[in-house]
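Next up: some structures, all given as C-alpha cells.
The two complexes that follow have subunit A in common; it is paired with subunit B in the first and with subunit C in the second.
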Partner chain A sequence: MHDSILTHAKSRYLWISIGLSVVSIALYLWHDPGVAPNGGTWLGYTLGTIAALIIVLLLLFGIRKRSYSTTLGSTRGWLSAHIYLGTTLILLVLLHCGFQFGWNLHTFALVLMLIVIFSGFFGVYAYLRYPTLMTRNRESATRDAMLEEIQEIDQNALALADGIAPEIHAVVLRSIENTKLGGGVWTQLRARDGSDIAIARIRAAIEKRETQLGAAPAPMQAGQTIIAMVDFLAGRADDKQSEALRKLIDILSRKRSLATRVARDIQYQAIMEIWLYFHVPLSIALLAALIGHIISVFFYW
Partner chain B sequence: MGERFKIAIVGSGPGGLSAAARAAERNESHVLLEAEPHLSNTIYLYQKGKYVMDEPGILPLRSPIPFAAGLRETILEGWDEAAARLKINVRYQHEVSAIKRRDDGIFDIKCKNGNSVEAEAVVLGIGLQGNLRKLGVPGEDLPFVQYQLDDPDAYEGETIVVVGAGDAAIENAVALAKQNNVVIINRKDEFGRAKKGNEQAILKAIDDGLIECYYNSSPEKVEALSAGRKPGRMILNTANGRAQILLDRVIARLGATAPRGFVEACGVVFPNKDPASVPAISAQYESNVKRLYIVGALGGYPLIKQAMNQGYEVIEYITGNAVEPADAPLLKAKFANLKGIGSVDQALAQIQKNVPVLSHITPLQMREFMLDSDIRTPAAGEVIFTRNDYTNSFYSIVEGEVRIEVEGKPQPVVLRRGEFFGEMSLISGRRRSATVTAGPNCILVETPRRSMNRLINSVEAVKADIDRVFIMRAIQSRFASEASTEQLAEMAANATLQRFKAGDYVFQEGDEGDCLHLVRIGSLTISRNIGGKDIVLTYVAAGNYVGEMALMGESKRSASARAAIATETIRLDGAVFKKLISRIPALRLRLQKEFKERTAANLAMQSLPGGGDIISFLMAQGAGEATDILLIDESLCVRCDNCEKACAETHSGTSRLDREAGPTFANVHVPTSCRHCEHPHCMKDCPPDALRRAPNGEVFIADNCIGCGNCERNCPYGVIHMASKPPKKPGLLQWLLLGRGPGPGEAPYDPNAKKDPTAKKAVKCDMCKDQPGGAACVRACPTGAAIRISPEEFPAYAQSRR
Partner chain C sequence: MRWLIRRVLKKGKSSISYEDDTHYGEILTIGRASDQAIFLPDLRAALNHASVTAIGNGKYRVESLIIAGIRVNGEITYSITVGAGAVIELGSTRLTLLDARGDYDAAVEVSSIDKSEQAAMLSKRKKPTSLSETWISKRWPSWLGFIVVLTLGLLLPAATHVVPGLNTVLRYSPLPSTAFWNPGEIDAAHQFFATDCTRCHQHAFLMVRDTACTSCHVKTKAHADPAKFNIPALGDARCGTCHQDHNGQRGMISKDQRLCADCHADLKDRTKGASQIADIADFGDAHPQFHVNLPGWTAAGEFMPKSMPWASGLKENSGLKFNHEKHLKTDGLNTPNGRKVLTCENCHQTDAAGAAMKPIAFETMCHECHQLGFDTLAPDREVPHANVEAVTYTLDEFYARRGLEGGYADARAPTIVQERRRPGSPPLSRQEQVEALAWARDRAREAARTLFTGKACVTCHSISPPAAGESTWRVAPVRVSGIWYVDANFVHAKHATKACVDCHEGALTSQASNDLLIPGIDNCRECHGGAHASGKVASTCIACHAYHRSPLLTLDKQQ
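== the complex of A and B ==
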C-alpha cells in the first residue's frame, strides 16, 4: 500500500533521528571539558565526525536516486532517511561547535549547511502540498491534452472570427500570439498567461463599433462583460454573426480557463523543482566548504 | 474445359511460391494462381522498408527460393528473381472462386476472371489474410475507389469518402483529415467496434467538424463523372433518404473476408466453429479432400520459413517422394534422452498411445505439438513446479508418476502414466494451485500455453477431456477433505460450464439461489444495491466459489455477482450441493465459518464511504483481468518521472511506462503500463510465440520477436510499442562529474548516432524480472507514490485509502 516518505517503514528514520538527538544532547549536558564546549574536545570531534558522515550519506542520495539497478534499499527509504537525518544535522552541528560562531570558514560551512537544510524543508513542504493541488487542477487531463485543446480552440476561434469581422479576427490572432505558457523561471512561477487578452480586446472592438453606430457604450463591470456583450449581440440584425460571436466568446472563455489551468500546472511543477536549484548546487558547495573546514582544523592540532 | 496441369497451386505466398518453385525445378506440370498482379500479397502489403525476421532460427530452410531475415524489398526482389529464373508458370490476377473435385478425381478450378484450369492435385496456400472486402455496389472497381492506404500524406486537398467504422477506417480518416476534406460513412449509429482510442479520436474529429460523418448510411453506387470539378460521386442511402457526395477518392476499409467460407466450399472440414481453428491435415499436408493439400498459415503454420518448407515438401509428397520433413532432426534431438524408443515416428506413436488425451490428434498436429513441447525426465523427488508459480505450461505423463501436494491434505495425490496436470493454470491464467514433484522413472511432455490452447481450440475431443478433468479436480480441491469420491463424482456429473461477458450478472441480489459457481476463467465483483447505488464489496478471482451461502441458510441471494471481464464458471447444481452439506456436518461447519468471515469483510467495506468506488474505478480500467497493476497515488507523486527514467535505464533506453497518461480517481492514478493480464491479449496472435509468462507472473517478450506488431495492436491498454535498440551511453559518474552524454533516463542518446536499422522489436514491461530488486519503477519512486498490487489486494487497498 502507499506509504509517505514521512511514515516510511513505520517512521524508522524518525526514531533513529530522535534517538541520535537524545543521546547527543545527553552527552553534551553530561560532558564537562573544563573549557567552553567546542569542536576540539573529544565529544566535539565525535559529533563532527558523525555529522560529516551523515552529510556524505545525504549527498550519496543523489547517486542512489539515479542508480536504478541497485538493490541497496528503496529510493523512498533513502529519501526518508535523507529528510530525518538532515534535520538532525542542525542539532548535531550546533552541539559540535558548542554554539560558537565567528567570521570564518567554519561558520560559513555551517551557514551553507543551514541554507541547504532549510531549502530541503521547503522541498518537503512542496512535496506534501502540491501533488494534490496539481491533480485537482488537472481534472484528469494531461498537460499535453490541455495544450492540444488550446491549439484546437485557437484554430476554431480564428475560423469563427473570420466570419464575423476583420477586426475581431485581428484581435483573436493577436491574442493567440500573446498567449504564452511556460517560459522563464519567473513566468513559470507567476502562472500568468495572455489568454484573457482576446476577450478584453473583443470587448473593446464591440465598444468601438457601438460608438461608431452612435450609441453610447454602456458602462460595464468586468464580470458582466460577456453577458453584456451577448445582450448587445442579441439586439443585432445579423443573427448569424451574433450567433458566431456568442460561440466565439464561449470557446474563448473555455480557452481562458484551460490556459489558466495549464499555467497553474506549470507553476506547481516549477515550485516542486525550483528549490532543487538551490538545494543541490549549495550542497556541493557545502561539501567543498566542509573539506576546507576539516583540513584547516588539522592545522590547529 | 480449361488447360490441364498436374499440380495447381493457389496463392503465391511463401508456401505457394515455394511449392511452385519446387514443381518448376522438378519439371512437373504446374500452374500458380495468384489473385493480385504481383507475388506474395501479404508480404507485399508490409510497410515499406519493414525488416522481416526469419524465426524459428533453428529450423533449416528447404526451398529453391531464397529467404533470410532482411528488408521486405530485398526478400520480394529475391523471390521475383527466383520465380523468373525457375520459370514458374504463374498466372496473375487469377482469383480462384471455386475448386471442385470431379468424380474422376480431377479438380476443376474456376477463376473470377472467367478462366478455369484442371489439375490432378491442388495445393492451397491462401493464408489467413483473406480477400479485402469490396463495396459490393456498382462502381466498386473504379480507379478512384481503393481498399487500402499506404501513405495518408500522399493526398492533399481532396474530398475523400472513407467507408467503414473499424479501426483501419478510423485511422485512415483521421490521418487523411489533416490535409483533406474527409467524409466517413458508417452503417451503424456508433463506432462501437473500434478500439477506445480510435473511437474517441473519430468522435472528436466529427465534433470539431474536421470530418463529416454519415451515420446509418450505406453506399448505393459510385459513378465516374466526366464533367465538373470532381472525378466521381457516391450515391448514399441515409436514414433521411438518399444523398449525393461529389468526391475525388473513395477509400473503403471493410475488413477482409475470412478464407474459411471459400475453403469450406472446397469441401474441407473445420473441426469446430472457433475462428481460431484450422482444418485437420495429414502428415503429408493433405486435407480431408483427397489430393487437396494445405500449406502455410491456413493449416496453422504462420511463420514464413515453415510455410516455405511445407511448400517444398508437399510437392515431394504429391510426386510420390517420401522426404523426411525438415523438422525431423529437431524432433530427433528432443527424443535424444529417451532410450530405446526407436525412430521419430515410433516415438510420436508411443507418446500418443501412452497419453489418451493426445490420441485424438492427427500425426501432423502431433509433430507440431512435439516441436513446441519439451521432453522432461526429472529425477525422483525433483520439483516440477511450485504452488503459486505463475507458469502455465501443460504436462502429460508418458511414463512413471508424479505427486501433487494439495493444500490441507496430508497424503499427496498421485497421478500416473496417461494422466495430465497443469491444466488449472493453463485455463484460469492464475498461479499454480499445488506443488508437483516427480516420482520414480518419470517421463513428461511439457507443452507451452499457446500450443496447448491451439490444440484445445482445434480438437474438440481434447477440449472435452480436459474440461471433464478440470471440473472433477476443481470440485475435489474444494470439497475433497470432507466428501467421499462418490459424492464428488455425483457433483461433477451435474456440473456445467457457463460463460459470461464483461458486465453480465452471474446472479442478482434477491434471486432464488439454486446453484453455486466456481470461477474458472476471469473474475467477478460482488456488489450490493444500497440506497439505489451499486456498492462493490469485493473482488473474486478465478479459482474461488460464489453463491454457496444462499444454499446454506437463506434461500435468496444476498448480493449480486457480476463478471468483471469475460468469465467462465463451473455451475454446480444446488440440490446436489444441499444434499452434500446435509450429509456432512464438518463441511457445513467449515462453510459457515467462511461465511461469517466474508460477511464481516463485506460489512467493513460497506461502511466505508466510497471504499467500493475505488474498486469499481479500477475494474472499469480493466484491472479485473490484471495480475499485477501499477498504481500511483497522485497525492504523493511529485511528477519527477524517476519511474520512467528507471524503466528506461534498466530496459535498454526505452521506458515501457507512461506515468502521466491514464485516468485518475480519488487520487489513484492508473498509468499506461502493463498489468500482466491473466490471459494476456498480447499473446493471442504472436507468430513466433515470443510472448511468455515467467514463473513469477511477468508477461515478457522473448528475443525471438519478429517485430510484426500484432501484440501492439492486440493490447487494449496500449502498453506495447515497437522500438529498436539505442546505442550505449556513458556511465552515471561520467555524466554527473563531466557532463558527458545525456543523463539517466534522458533521450535521445545521440541524435546523430545511427540506430540499428535492422531490428525494430516489440517492447513491454517485464516487471524487471531480470532485476534482482524487483520492479525498478516502484523502487525508484522517491516518495512512495508508485506501488504494484494484484487485484486480490484491491479490497484491502480500498480500505487503506479512506
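== the complex of A and C ==
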C-alpha cells in the first residue's frame, strides 16, 4: 500500500497518539483532585508539560523540514508525527485545563492553538487531495512546458491569422494580450487568468469607438476569440481561408485548454500553500502565548 | 505637417547612429502594411495597427486601429493623449514621441528592442504564479504576532508588578492588565480586592505565603501543634494546600476527605502515640461510635459532663423527672386554657442559628400548667421558679403582710389576723403584732412544705428537706449537657425535612427522663455515607467537623 503521511511507518504515530489519548483520558477520569479539575493539580501540571513539549516539537518541524542534511528521522516521519501529535494536543490541552475557560491569556492560548491545529487539518486535506488533482491536471507535463507550448502556439497562430485576414490577425493579437496567467492572491486562488477584466475593458473601448464611428456595436461575447472567428468563417471566407481558419481554431482551442490548465495548476498550488500563511504565523503567536501562559501562571503562583 | 522620423541604428555594442526621415501628413500610421508611415515587419503588428496624431502644444493622440490595442507607456490602450517622451512598444520596436524640433511639427524616434530586453520586459510584465511571489508573507506576520502577543499577554501585565499604579491605569484602558492572567473567578468573599493580585501574590514566582492570608484571617485557629504531634504534613501544610482560589465563587473550602484521612487513618501510629484520637478514615465504614456528653457532677457539686461511647439503652441523669409519653398524648392534655395537644416543638426549639436546641425554660414551656400558687385565698400569687431562697422569702413576706394587715379569711387563723381593720383604727398593740407574725411564720413554713413536697416542686425535681436548724429546702440540680456531641457541628435546621422521631426514636413512648433519646452513629448512617457512598448523602469529614479548632494556637501566632 502507498505509504502516505497518515500511514507512515505502519501508522506508528497514530498508535502513539491513540495510546497517549487513552492514558490521558483514563488518568483524567481516575484522578480526583478534590476540587474542580484544573491546570494546577499534579495531573494538570503533567498534562500541561506534555502538551507544551509537544507544541515545541511541532514547532521544530518548521526547522526540521528546512534541514536537508540532518539524519534525525525522515521529513515524512516528522510530518506524520506532526499531524497525529497535533491532533492529540486538542484532547491533552482540554484535559489539562479541566474544561475551564475564561476571557484570559490561558484560554486565548487555547483558542490560538485550536485555530493553528484546524488550519493544519486543512493542510492535511490539501496535501492528500491536491497533488493527485495536480498530476491529473498537468497530464504529465510540467507547468513550464505548458507555458512554452502556449508561446509557440501564439507564434503559429499569428502566422496563420496573418494569412487569413487582418481582422483575424487583430483578434489573435488581442487573444495573446489577454492571456495573463497568475496574479494576486485572490486571482490565483480562484483560477482566474485576469482576462475577464481585460475583456470588459476591451469591449467597453470597442463599443465606445464604434459608437463614435456611428456603427452598431458588435455583440462581443466575453473573450470569445473563437466565436469571433466562427462569425468570420460563416461570413465571407473562401475554402482556402476556411481551411486555415479551422486550423487556427484548432490550435487556439488547444491554447485555451492549456491556459485553463495552467491557471488551475496555479490554483492548486496556491490552495496547498495558502493555509500555511495562517498556520505558521499563528503558531509563532501561539509560542508567545504559551510562553506568556507558563510564565504568568508561575509569576503569580 | 512635417513629421521627423528618426531611426536609431545600433552598430556593434556601443556605437549608435541616427537616420532621419520626413513624413508629410497629419497622421503617423504604424503597422505591418507597406503603406504605413512607420513600417514594422513584425507578425506581432497588424497591417494597420495604430495611428499617432500631433494635436499641438507638444501633445500626441495615440489610437489603436485594431481590437488588440496598443501598448503606450507599458499599458495596453485604445486611445490616449500623451506628451513628448511617451513610449509606444509594438513587438520588437520602440517608438518614442519627441518634442517638435527645427522646422518639424512633430517627431518620433524609432528604435529596436533587442531580445534580452524583450525577455526582461516580458518577465517584468508576468504576473505572480505562486503565493510566495505575492505580497503575503509568513515571516513578518510571525514576528508581529509573536511580539504583539508576548507584549500584551506577558510583558505589559508583568510590568504592573514593578510599576506602581500601572495596573489601575491598564484596568481602565482597553489594554490587558493582570486581569488577563486571571485563570478563574475569584471566591465571592475575596471579590472586593480581586483586582489587586498582589494582595495575595506578594512575591513574583513564589507561591502565596500564609502571611498573606493571616493578614486578614488573624483569629483563625490552627489545627494542632505540629511540634507536639510530629507530623510533617501538618507543619508543611500551607493555607493554599486546602484553600485554592480562582475556582469560582462557590468557595475555597475543600471538602476532600483525604485532607483529613491521610493523617487520621492511622494517627496513633503516625504520632507515635502522641495523639490518642481513634483512627478515622471514612464516615461510612471507618468511623468509631460517637462519644456522647452526659450530664454529671463532681463531688463538690460542679457540673462536669462525662464523655462516653454511645450505646443502646444508655441512661442519662439530668436530675429532672419528666414523662414524655404523658405530655405527648395524641388526644391532648387538659390545661387552664382548654385542651391542648403538645408536640416536640412546644418545648424543643432551636437557637437562632437553627443548630442546637435552646434550653427548656420553665416559664414559657411548663408554667402554663404547672403553676406555683400556694394560697387558695390568693390564687394569683405564685412563688418564683428556680430560686429556693426566694421561695421562702416570698412566703414569709406574703403571710407577714397578711397577718399585720388582717382580713385574712381563714377560720384557722387567729382573730387578729381574720379581723379586717378599718381606716382610723388604732395600730396593733405589741402583743397583737407578735401573735400575728407568729401565725405568719407558721403559715409560710406550711406553705413551703406543701410546695416542695406536695404539689409543685417535687413533680419534676428531687427534693430534700432542710437540714436541721435550717429553713432552706434542697432541690437537686437539673441540667442536660447542652451540646451532646461537642466535636460535631450538627444543625437541626438542615434536617428539618425529617420528623423528630425519625432520629429521636422512642421519644413518644419514653416514660422516664433518664432514657437517652440522642441517636448514635448508626442513625446518621441510615442517610449519610462516606465520601464515596452510593445511594446516600456523601459526607466528608468537614460535613460535621471543623479543621481550625486548636484551643491554643492560631495561625498567625503559629507562623
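FYI, the second predicted complex is superposed on the first by the 255 of 301 C-alpha atoms of A that agree within 3 Å, B and C clash if a C-alpha of one lies under 4 Å from a C-alpha of the other, contacts with A are read in each partner's own complex, and residues count from 1 in each chain.
To be clear about the criterion, a residue touches a chain if its C-beta (ideal position, glycine included) is under 8 Å from a C-beta of that chain, and two chains touch if they have at least 3 such contacts.
Keep in mind it's a predicted model, so treat the numbers as computed, not measured.
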item: Partner chain(s) touched by A:L91 [first = subunit B, second = subunit C, both, neither]; value: neither
item: Partner chain(s) touched by A:L114 [first = subunit B, second = subunit C, both, neither]; value: neither
item: Contacts of A:Q269 with subunit B and subunit C, given as first, second, both or neither; value: both
item: Touching partner for A:L282 - first (subunit B), second (subunit C), both, neither; value: second
item: Most subunit A residues touched (candidates subunit B, subunit C); value: C
item: First (subunit B), second (subunit C), both or neither touched by A:I16; value: neither
item: Touching partner for A:I251 - first (subunit B), second (subunit C), both, neither; value: neither
item: Contacts on subunit A seen with subunit B and repeated with subunit C across the two complexes; value: 143, 269
item: Of subunit B, residues touching subunit A in the complex; value: 208, 631, 633-639, 642, 645-646, 649-650, 660-661, 663-664, 667, 669, 732, 736, 743-744, 771-773, 776, 778-785, 787, 789, 796-797, 800-801
item: Touching residues (chain side subunit A, partner subunit B) in the complex; value: 1-5, 8, 62-63, 65-71, 74-76, 78-79, 126-127, 130-132, 134-135, 138, 140, 142-144, 152, 156, 269, 272
item: Of all residues in subunit A, those that touch subunit C in their complex; value: 34-36, 38-40, 100, 102, 104-106, 108, 112, 143, 155, 158-159, 162, 166-167, 169-171, 173-174, 176-177, 180-185, 187-188, 194, 198, 202, 205-206, 208-209, 266, 269-270, 273-274, 276-277, 280-282, 284-285, 287-289, 291-293, 295-301
item: Parts of subunit C lying in touch with subunit A, wherever the complex brings them together; value: 43-44, 46-48, 66-69, 76, 78-79, 126-138, 141-150, 153-154, 157-158, 161, 176, 178-185, 197, 201, 204-208, 244, 247-248, 254-256, 258-259
